[in-house]
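There are structures below to look over.
After this come two complexes, each holding chain A, first together with chain B and then together with chain C.
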Partner chain A sequence: MAELTIGVFSSLVGSTTLASAVKIAEAAMEKGHKVNFWTSGNATALAKKGQKKFQDYNFLQDKILELIEKGMEFTICEACAQARGMLKEDSHEQMKRAAMDWYLAKGFGSDRMLHIGGE
Partner chain B sequence: MKLAAIVSDWRRTESTLERLKAEKLGVILVQNGVYHAVLKEGGQVSPVLGKEGAEYYVVKEDLETRGFAEADVDGKVKTITYGDLVDLIMNDYEKNAWL
Partner chain C sequence: MGVINLAFVIQRPPYKQENSTLGYTHAIASQTAEIHLEDGDSVTASLILVGDGVLTCVNNQKAMENYGLSSLESHFMNALLVDNRCVICKEDLERFGITEDRIPDATAMGADMEPEIKTWDEIQAELDKADHLLFV
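On to the complex of A and B.
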């Protein structure tokens, strides 16, 4: 088993970039790898409670919670979330909040890092 | 260095690819990047497919989402699953760049 850290620094909820990142995370876990998942910027909205499923719209929250249950570590940039008015109580408690140090530490400690940059 | 460039957009990224130097280069087409594997302009394949010595891959699920089939894919591009993509990242290439 190896370790993969994925960082997404772009994308609003519903974007295909976030959907692809989650598909890669799921595929890696199915192969027995440990996955760490970090979001910055607008991608932190993935952690917000109360999101609604719409037809033909990427709804990723259930899948992320399922992957967390299976061992994925999911953390959002705390400052990015705060800057967007998303407080700790607005986020799912399984989705952690931390400073960028978390992402850097996970990246350095992983076998591979997939950094998906900003738009 | 063994480098995988993951191309996610239909934007013309060949100039970026041209500047990438690697002992082994893989170009993995995902999301709207899959159009490089199936569309032609003026009868010519996408310049993204023109990097000499590179291995090319396209994610089947992203192709099918956009209404294409494996039969539409250029002959130099191998069709893969998301699981295969993970194997490429974890086993075949040491570094990756998301374009």
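On to the complex of A and C.
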């Protein structure tokens, strides 16, 4: 089993990049790998509670909660979230918040880091 | 016990989008990554500026005056101050007509690290040495 850390800056809505990153995380976990998932910038919207499912927009909330339940570590950039008015109580309690150093430290133990900048 | 080197490859312009800023702030955060690691383990971060990314380090940026934001120039200098290596692509500087005297250093702030202007071939060698590449 390997450890993969994925970091993403892309938006939840307005880009399909974040959805692709979540699919990669899921595929890696299905193969038995450990996955850490970090979001910064607009990608922090992924942790927002109360997302509504529409067919024309990405809806990843349930999938992320499912992957967390299966052992994925999911952390959002606290400063990026707060800059967007998203406080701790606005996100699910299973979703951690941390400073950017958390992500860099994950690089230490990871076999691979997959970083996806924003659009 | 060991050191892992992360190379952030900044390839986008300084403003209009957030990627370049986040690349710098993440690299600077390497300073405190040790709090999450075992004793003796550490993470270092380098910044590799290529393509439009070389525009992020040009001097005399007026981001605070125009946008009310910290400039990427100040992030660049802070990165040097906290010992992040900052490597700039020589060919891309030349494409933009940016001369070496437009690249600030942070020695006046007390930085030991100085900007490194390298050819693309040299940068390729730098990328080969990194443990993880992060394209921003």
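Operating definition for what follows: the second predicted complex is superposed on the first by the 115 of 119 C-alpha atoms of A that agree within 3 Å, B and C clash if a C-alpha of one lies under 4 Å from a C-alpha of the other, contacts with A are read in each partner's own complex, and residues count from 1 in each chain.
By definition in this document, contacts are C-beta pairs under 8 Å (C-beta built on N, C-alpha and C of every residue); 3 or more make two chains touch, one makes a residue touch a chain.
What you see is a predicted model; the values in this text were computed from it and never measured.
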item	value
When chain B and chain C are modelled together on chain A, clash or fit	fit
Included angle at chain A between vectors to chain C and chain B, based on C-alpha centres and rounded to the nearest 10 degrees	70
More chain A residues in contact - chain B or chain C	C
Touched partner set for A:G117, first chain B, second chain C, both or neither	both
Chain B versus chain C as contact partner of A:E30, first or second or both or neither	first
Partner chain(s) touched by A:N42 [first = chain B, second = chain C, both, neither]	second
First (chain B), second (chain C), both or neither touched by A:A2	first
Chain B versus chain C as contact partner of A:A105, first or second or both or neither	second
Contacts of A:L65 with chain B and chain C, given as first, second, both or neither	neither
Touched partner set for A:S20, first chain B, second chain C, both or neither	first
Nearest-approach distance, in Å, of chain C Cα atoms to those of chain B in the combined model	6
Residues on chain A lying within both footprints (that of chain B and that of chain C)	112, 115-117
Touch list for chain A against partner chain C, complex	7, 9, 40-42, 80, 99-108, 110, 112-113, 115-119
Chain A-facing residues of chain C, complex	4, 6, 12, 17-19, 22-23, 25-26, 29-37, 41-43, 45, 131-136
List of chain B residues in touch with chain A within their complex	6, 8, 30-32, 61-62, 81-83, 85-87, 89-90, 96, 98
Partner chain B, residues of chain A touching it in the complex	2, 4, 16-17, 20, 23-24, 26-28, 30-31, 33, 111-112, 114-117
